[in-house]
């Protein structure tokens, strides 16, 4: 349930309503907009039967929320949210392109790639320092050293950095280096990790799980939001189906669907979503046409030498060529890069 | 295996090579291009060991075909094919929009819809007269009467007509009314029906099966092609996954993938692909950005009264609005509507 | 809706009720049990408002049917049905084992296999004469010649024969040789073929489609039943999932589920269901433990020489060994082989 | 690669081989069997070219391991492993039945259920104290208090206890109460948690992920084994498919398949695997017939009052009835309960 306050409601009115709701046992999530304040009340609406809440000073209306996701839902926040990562805004009129290698492999590699993607027009840098790998014997990332290289690349290029965190106890440490935390697909229902990310004040990029429904994805976002961190960006990255010609099946319909159900920005990862570099460009164009607020794309200076996911990484030249085509499609749907 | 003939090869050279291949037991598919002639030879390449085929007059080279699809594959025909349906060309620079109701319900309904979609810029008309329905107790279509209404709508509007055929013995009859035969998703591996469609000279729209891989889809096309009918257009229409928020999961990556493997035109059905009219517009834009050669969209004058699939049909007003946005995206990717 | 007649209802009572229902526009399916007669009435129950049907002589009660499948459902026929194929009964206390090669390859091969499987205790023979193959260039079966060999094998061994039919126009011809018609997984929603099979008086083995829900499978059975042929046996044969270690994922829970929803016998095909001969024996035992009324198993005298599906065929020796283990499990769940 | 030592190899021989391998850069996993000792060497086999390892005293043979899972694979340990949990042995001739409620809800509930399942013949107790729930607003378990109740139930009944751990930092604490740690399906690729569980000396029950292949499941086990904890039991609990009539699709073919690839014991969870209590009994019987080494079944004294998963829990009466039928099937496949 949400309680919408009148534009002229005073701080005292708001405080009184919150105190009343707390007494009735509700959990409170406060959202102060430019126009008006909205109070999210999590709990059993039935205790309101015969109650005088609606008659309290400053209360405009009470809106029940039927969807299982509350804070992530459009009912709670009918307008699109914007999430700021340094100088970059996700969910605004600009389509944000995040680019970089799958893994940070060395200082040289990440510095070189950061320079390349910046020159081509990317506005954020990606790179994995902690890599969740199917095999314990595969390269697991450079860990904290990789984070240091990422921070150095940010200093040099000015590009804010997003990187994955996999261990709840590392959240604070990773947040010390990164501008945005990534929760990977395998951890979408690692609720301990979600809660921990919800307790930082860093923006979070939440990838859709390999076999997660759109509803479960929004419920995972709800875990982060319900800890007080509203800076969540959703990322569609392909789902697992019977088709083996692609690594995953990129579900672009999840973009308009998530936009219909939720106010959170939605971006797309065509690299993991297809697993084939030849498909990355057409699917990037398609994602923007479908309304995506951004893209996260793997670029590697020499894909054939990559320690992970080389087959789905663009070369700098292919990335540059994609950027100019993206500009045209973004403009065709009323946005810019 | 394909035998590529030199540009200056004569008719006699070609005939001699064909005769030689036939003697060795190969099936022959002849493809005469502007520049040169290509001879597809289906059979066991091993019989050529020690043979003099490569030395015959006019033979430029012999190309083995490794993919399981032969005539549908890029190896056989490296350039994109074009399929003509009346005045319309699929696979050229124009993005073709086919529109109309799910089912032909009455003379009035199809005439009204045809007028509406033509006015909005569609260049082909769709409408089902034979409806494969999950339940034997659901509306099964107007059958031949529906075909007559479709033909009448073509007379009135000039729009060529595509309609589904479900029974091998009806192929000839349906081909008598329609400009293009549709093989539906449920019948993608109805090999009897495919062969029958391959024996007509009508263009065929082949929908991808609900759980078909891209390879199986191309093999289904191969059934039609191998009967001598090369006028096949592929149609991605959503695959079955665990996600229930959409009717199917529209696999747009199948568009660039099919284009990479095959020379056949590929179009997209966002109506069945999503099952929700609100998702039809964004996914139509995305399909064109991904490189689709066309769209097939359900439009109904009054979706709430439709006998089938009302929930995924656009109103005329929504269709019109989509068409103008499609024009912009098509132009951004170097095509036109 | 079904109308249950009293045990003492006369033929005249029944005829009067049917006439009344027909006048109201219902389609009628009559089912005469040992105890009582049940009249299935397909149509809109609302026309009965204010009607006197319930008061007619001989009417015991009127039962609405909520499931989309009517004649296939438990509401229509609460007891398990039995289907007779020659001397064999499916759906009774015996677990029926149908065995034989994937394809009939030659007279010798089918005669030899028939002898082998009979000796091991199988009571029905399988073998494909029409093979629906993904590729038009694969072996498509011996067609009518194969049917003749099957009929000869029946003469020699006394085993009734089940074989697949793929073309609606061949139904009558195949029914002339076979004791039971098989509708394959790819044709589960080939409604033309289902109706044609419903018009014969031959028992039908209906395989579940590759991506069909249990409900869609029962609706496919409904197409056959609604043509008047009640002799339908369901066959679970594996569904398509993301798992690639097996050819399909054998969904054994479909056995008790179909038994809960429907009165039709249910058997299992562990050969196609797993695609690996090593898994055939454990999954056969599991199927019988789950309540399957039978099994259909591929046996080939020399699997490594099979023209199709050799990798999932049991050798005669493995089949024999399985039969003795099956006898023990069947007995543990109160049945016999 | 594994190095198999001769039965008469001395401790000194073994130590010498290990020292040599370590010098070459291999990681070592030592496995001492009754008959002989096996040395697992993880690393690049190529460094052995021209090496004298094979000639060292006590070395019988060197076996390359091709599968991506090493310690979990049959090549490393060709015989079936047994895992001991208190007095109970998983992977031996007995089929182990683990039973109890989905969640520990109160002291009374778990004590009552423990008594009931013990009386019916269960030999281990299950119950969740930490519940990973899709919604942050759902009941999340009694946490440490629940663990205390479980420990108390063990004291009273003698049944060893398995319970889920979801947070890496809780592993030690949970291991202090439980006899066996459960890694749930959502955490199958939570590699941090797997490694942490690998560092305890407690047996681990590893559920298959919702969309995990059998190979990925064995790779997840490898994470635990590679930390030195060889006490891993695999649990098939249903995979996510398009079918919605069941909560998941229980993939029983994973039982013989995992047994073919791995030496680890495999049990089945028919409660989550189907989500419907009516299907639990037939699928339990089927699992045992397919070769499962055990079952984990949800039993609740009053399922309609359960705080989670009531619809898939057996009543005590139904559980008792299942146990006697299980005994018969186990005996039919040469095992006992």
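So that you can tell them apart, the chains are marked A, B, C and D in the order they are listed, and the count of residues begins at 1 in each.
The criterion applied here is as follows: contacts are C-beta pairs under 8 Å (C-beta built on N, C-alpha and C of every residue); 3 or more make two chains touch, one makes a residue touch a chain.
Treat the numbers as computed from the prediction; the structure is a model and nothing was measured.
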item: Length of the shortest touching-chain route, chain B through to chain D; value: 1
item: Interface with more contacting C-beta pairs, comparing A-C to B-C; value: B-C
item: Centre distance in Å when chain B and chain C are each reduced to the mean of their C-alpha atoms; value: 34
item: For chain A paired with chain C, centre-to-centre distance based on mean C-alpha positions, whole Å; value: 50
item: Numbers and ranges of chain C residues touching at least 2 other chains; value: 211, 240-242, 244
item: Chain D - residues contacting chain A, complex; value: 42, 68, 70, 132-137, 166-169, 186-187, 189-192, 195, 210-211, 216, 219, 222-223, 226, 240
item: Chain C-facing residues of chain D, complex; value: 211, 213-215, 239, 241-246, 249-253, 255-257, 260, 273-274, 276, 278-279, 282-283, 285-291, 325, 328-329, 331-333
item: Chain A residues touching chain C - in the complex, by the definition given at the top; value: 240-242, 244
